[in-house]
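All remarks here apply to the structure that follows.
The chains carry the letters A, B, C and D, assigned in the order they are written, with residues numbered from 1 in each.
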Amino acid sequence: MSKFTEFQKRFNFDKYTGFGNSANNQGDRLLGKDGNFNVERIGQSFFERISLYHQLISMSWSQFIWLIITFFIVVNLIFSLSYYLVGLNQLTGLETSNTLTKFIEVSAFSAQTLTTVGYGRINPIGNASDIIASFEALFGLLSFAFITGLLYGRFSRPQARLIYSPNAIIAPFQNMTALMFRIANGRKNQLIECEVTLLFNYLDKESNMRRFINLSLEYSKVNALSLSWTVVHPINEESPLTGLTKQDLEDMKAEIIVMFKAFDDTYSQVVHTRHSYTASEIVWGAKFIPMFTRSADGSATVLNLKKIGEFSPAELPN
Amino acid sequence: MSKFTEFQKRFNFDKYTGFGNSANNQGDRLLGKDGNFNVERIGQSFFERISLYHQLISMSWSQFIWLIITFFIVVNLIFSLSYYLVGLNQLTGLETSNTLTKFIEVSAFSAQTLTTVGYGRINPIGNASDIIASFEALFGLLSFAFITGLLYGRFSRPQARLIYSPNAIIAPFQNMTALMFRIANGRKNQLIECEVTLLFNYLDKESNMRRFINLSLEYSKVNALSLSWTVVHPINEESPLTGLTKQDLEDMKAEIIVMFKAFDDTYSQVVHTRHSYTASEIVWGAKFIPMFTRSADGSATVLNLKKIGEFSPAELPN
Amino acid sequence: MSKFTEFQKRFNFDKYTGFGNSANNQGDRLLGKDGNFNVERIGQSFFERISLYHQLISMSWSQFIWLIITFFIVVNLIFSLSYYLVGLNQLTGLETSNTLTKFIEVSAFSAQTLTTVGYGRINPIGNASDIIASFEALFGLLSFAFITGLLYGRFSRPQARLIYSPNAIIAPFQNMTALMFRIANGRKNQLIECEVTLLFNYLDKESNMRRFINLSLEYSKVNALSLSWTVVHPINEESPLTGLTKQDLEDMKAEIIVMFKAFDDTYSQVVHTRHSYTASEIVWGAKFIPMFTRSADGSATVLNLKKIGEFSPAELPN
Amino acid sequence: MSKFTEFQKRFNFDKYTGFGNSANNQGDRLLGKDGNFNVERIGQSFFERISLYHQLISMSWSQFIWLIITFFIVVNLIFSLSYYLVGLNQLTGLETSNTLTKFIEVSAFSAQTLTTVGYGRINPIGNASDIIASFEALFGLLSFAFITGLLYGRFSRPQARLIYSPNAIIAPFQNMTALMFRIANGRKNQLIECEVTLLFNYLDKESNMRRFINLSLEYSKVNALSLSWTVVHPINEESPLTGLTKQDLEDMKAEIIVMFKAFDDTYSQVVHTRHSYTASEIVWGAKFIPMFTRSADGSATVLNLKKIGEFSPAELPN
């Protein structure tokens, strides 16, 4: 009886998780390093796919700023062109005659209208330009209302920055071994009522299906994540990891999915993060080095987030 | 003993669900195709009924944009009229004398005030026009504050776009049959902690009441909806569907109500959707065709949302 | 043994509810008709007590609009006065000399600055007026940012408009009697996962304390409140109401507190409402008249909210 | 056997709480008086550490207002400088020649642009100044959009102002003693579904670790916090406090952590607050003086928040 058949027999249940278990059809890793599902969607319409608001909310700040500036310039050019189309005699107060400088003057008038500055030296004096200018100002205000909404959307989106140790370790634990990894809150936000769920998933080569098994934890809930939390899965007789070696895990294409949930006290919202460790990211025979110390004046605790992944070698019991 | 009496005897409990069970007084279908309750309310005042904010938030974007433009034009005309009423001699800088072009000039001045562009070539010079212009600018700013609030309200309203297979199917399942339907997330939002509740409801002809029975599920919760989820109600001896045929379901005016709940990780909010399948939307003897494949480079999974309803015929066990 | 002593003996437990139970110190009714606690707070500082944001969010729309207009006028007058204080020679473009019309002109200039219209006919030409005008424009913009925030706060505040029947009734129910009242959703919002808790509270004259007892319900949860929901507390041997008469309830100064909780699917938020029925609001020997009918075309259900409190007399079993 | 060893034996379990239990490395107090964790984080990048939005949302209103004014002045100066750099001949309408007053005029023009007032007496007339002015107006609008978002973020952040009695007391309670403290809602917000968790933590001198034990409560949940709530931990044989004296608690560096959770009905959000009492803040032999009275007209209850900490001496049973 092969080791896998034996493993299979001991854990013949498998949990339906929504991650899908048809190995043939799936990519190498269920969860990307950023905690997002490693899935592409097709068959949606263009608008469904782009999901404009989602993109505007989740792009980086520098992208967002450049997008606004580009939008401002493009809209400005379109309206400038409109004033040319109805004739520049419908604008009063233009001072220059050179083609380029005149174009800049018209664009400046357009920008003054779009931003509702409206100095008025240059101003519309014909019916067509009056109407265009009215709608340009309306368009400008609506755009800024839109941007205000987006800015608030960007601010208020709760983003737990939970820091995970880059590696999970197999460490000595109460006369046996345990799988451990360490997490800490990378922000000042107060995370309370924290909860971790661990899913072990591997490729069952006989059926060519991915299987999922819950890993039990020493503590799966903590009241508050004020310092670091070393999450511990004891490798006892109930654990599917009992008797498996580093090589076994690699052969099984094992991946350990971490799902973290907490209440963010600053934003008053529930936040979730996900992470996964593949077989190659599990270090055998190690223990974590403490990452907090007493502050110099003894009145507070200092948490050094850079140490989250630091471990020292440790001998494992047989 | 009729088939229904027998059915009734086996399932003589019924669950109170809040959908109401007085068949006489109810429409054909409890849940519209859009998942909203098939109910009209009367007896409210006009303002209660229109529920302005709700309508402004839930109308389509094109309707919303047209409404704003119409509002802008109407308000502009009202203020333009006010300037006529107090006399155009209270405005300085008007250039034209033709009735129509003068009217457009006054409207343009009004628009410049409403949008706070205020070029100033035309500007109020009498007390009455000064006061009107002050309030027009105030009104303009408040309107744009209002619109900004609405825009953000529209953005931030979480809308799970859960895609349901158009049909539920009766498929072979572990030596018996099962009722199945398939759902997938139509957006990029990450849906986690998903939960499905299934309610079978039918018309009890003897009492002329609608009855409700919960249908148990193979899995009623999944950790994450990253791919599609085939929801399975096994038709075993505990199932009220045991022994019923397509014709029976149609005679019973059966409707299967699906209630889906998940945590939307992008908006950090709980979302709910509802759907229902009537007897005519249940296909007997079918199985779903897989809707995901490995991506070309093998690194991710591709989910084809267009295939959500695709099934092939399958023979059912007796 | 008095009836109350007997009652007390049967229900000698009491539940701590947070409503407080020291009868001497409490008002007549724990819960006002609007569902708010009947409590005044003292001992807070002025600013803590006024709770500005809460008031601005919860005042009526007409009060809110008048407050903004008053604020606009007052601020405008203050800045107008400042321009007088630094000297009107620091403003260019004033046209009139009459004291009153000049004051209106200065106020109009101030309003043009506050709203950022800035026509520019009148404009600051000295250092002091330049600086005042700069800060007036800043103040104006910040005020409108503030108002925008308030407007959105007003919009997005979820307010379930749950309609309660004005009376609770004692109705015949399965060979015994039951306390019933009826609720319905007064808005289009979809309320799901609804839950009712009922607390009976009465004055224990011997200890002069208010006591609280939970009343069990036939159904305390419904999936959805699409039509009306008749909440039913069966008066069986476990009920504290067994054997009590209308007069008893009045003597006991009984009050039945209703706490309703639901998920508002439109705003994606949990909403709560409260209501209470005093002894005099309970009608003995009645049954509710149905409040929904089939729509004329038979395709939907029509819910008449005006009928929520309608009942007909009904004989009670002994 | 020392008293601590004995204590340790009776309570040899300890609860993992996420507060960390390595006494050597920790400060004097786990929870600051403001309810925040007494932790400093290091090892983050500058931007991660400052957490801009969090700071802008949580600073005081006066700091926030001064920050905006400072920002406005600094930005204004930078743009004023830019107009000098491209040459003042690119601005038309400047009236003064004195260096200082000219600088104020240019700054005023810049402020008029930044706030989009744009009177227009002074206005850009060259290409470079046209472009700078366009971007200054854009920058101004974006800044105010940003500030609008922040203002709403500040408003909508739910902040339960739960008032705790400054001291916990050891009071007589049903022939034994109990640890009590009192809480009340300092705002008008309606707090419902309130829940308290109590954690006793002390320094285990032998292992030099902080240990945590849950303290059971007479009532840990209340329906509503309309008046004050005296939270009671009965010191019975199950309590870790049995037999301990004030001196023992001080020797053990005991700290009692209070975690409070409620649903804020005004903001429709769950709120959490934390508090802690150190050994020196526990008063032995006291009872609380009631803090509510009937209002003068007898129709409501008056809650005097200033009395929250008032107690009178009380003899404790042996």
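Basically, a residue touches a chain if its C-beta (ideal position, glycine included) is under 8 Å from a C-beta of that chain, and two chains touch if they have at least 3 such contacts.
Every value quoted in this text rests on a predicted model; they were computed, and no experiment measured them.
Novice: At the place where copies chain B and chain C touch, is the share of residue numbers found on both sides over half (same) or under half (different)?
Specialist: Here the answer is different, because the shared fraction of interface numbers falls below one half.
Novice: Rounded to a whole Å, what is the gap between the Cα centroids of chain B and chain C?
Specialist: That gives a centre separation of 27 Å.
Novice: So what's the Cα centroid distance for chain A and chain C, whole Å?
Specialist: Roughly 38 Å, centre to centre.
Novice: Find every residue in chain A that makes contact with two or more other chains and list them.
Specialist: Expected reply: 112, 116-120, 148, 152, 156, 267.
Novice: Quick one: do these chains touch in a line, a ring, a star, all-to-all (complete), or other?
Specialist: Chain contacts: complete, every pair touches.
Novice: Considering the complex alone, what residue numbers of chain A touch chain D?
Specialist: Of all residues in chain A, those touching chain D are 68-69, 72, 76, 95, 101, 104-105, 107-108, 111-112, 115-121, 144, 147-148, 151-152, 154-156, 161, 186-190, 192, 194, 218-219, 222-229, 263, 265-268, 290, 292-295, 298-307.
Novice: Any idea which chain C residues touch chain A in the complex?
Specialist: Touch residues, chain C against chain A: 116, 118-120, 148.
Novice: Which stretch or stretches of chain B touch chain C in the complex?
Specialist: 16-20, 22, 24-30, 36-44, 48, 51, 53-54, 58, 92, 112-113, 116-120, 123-125, 127, 130-131, 133-134, 137-138, 140-142, 145-146, 148-150, 152-153, 157-158, 197, 199, 259, 267, 269-272
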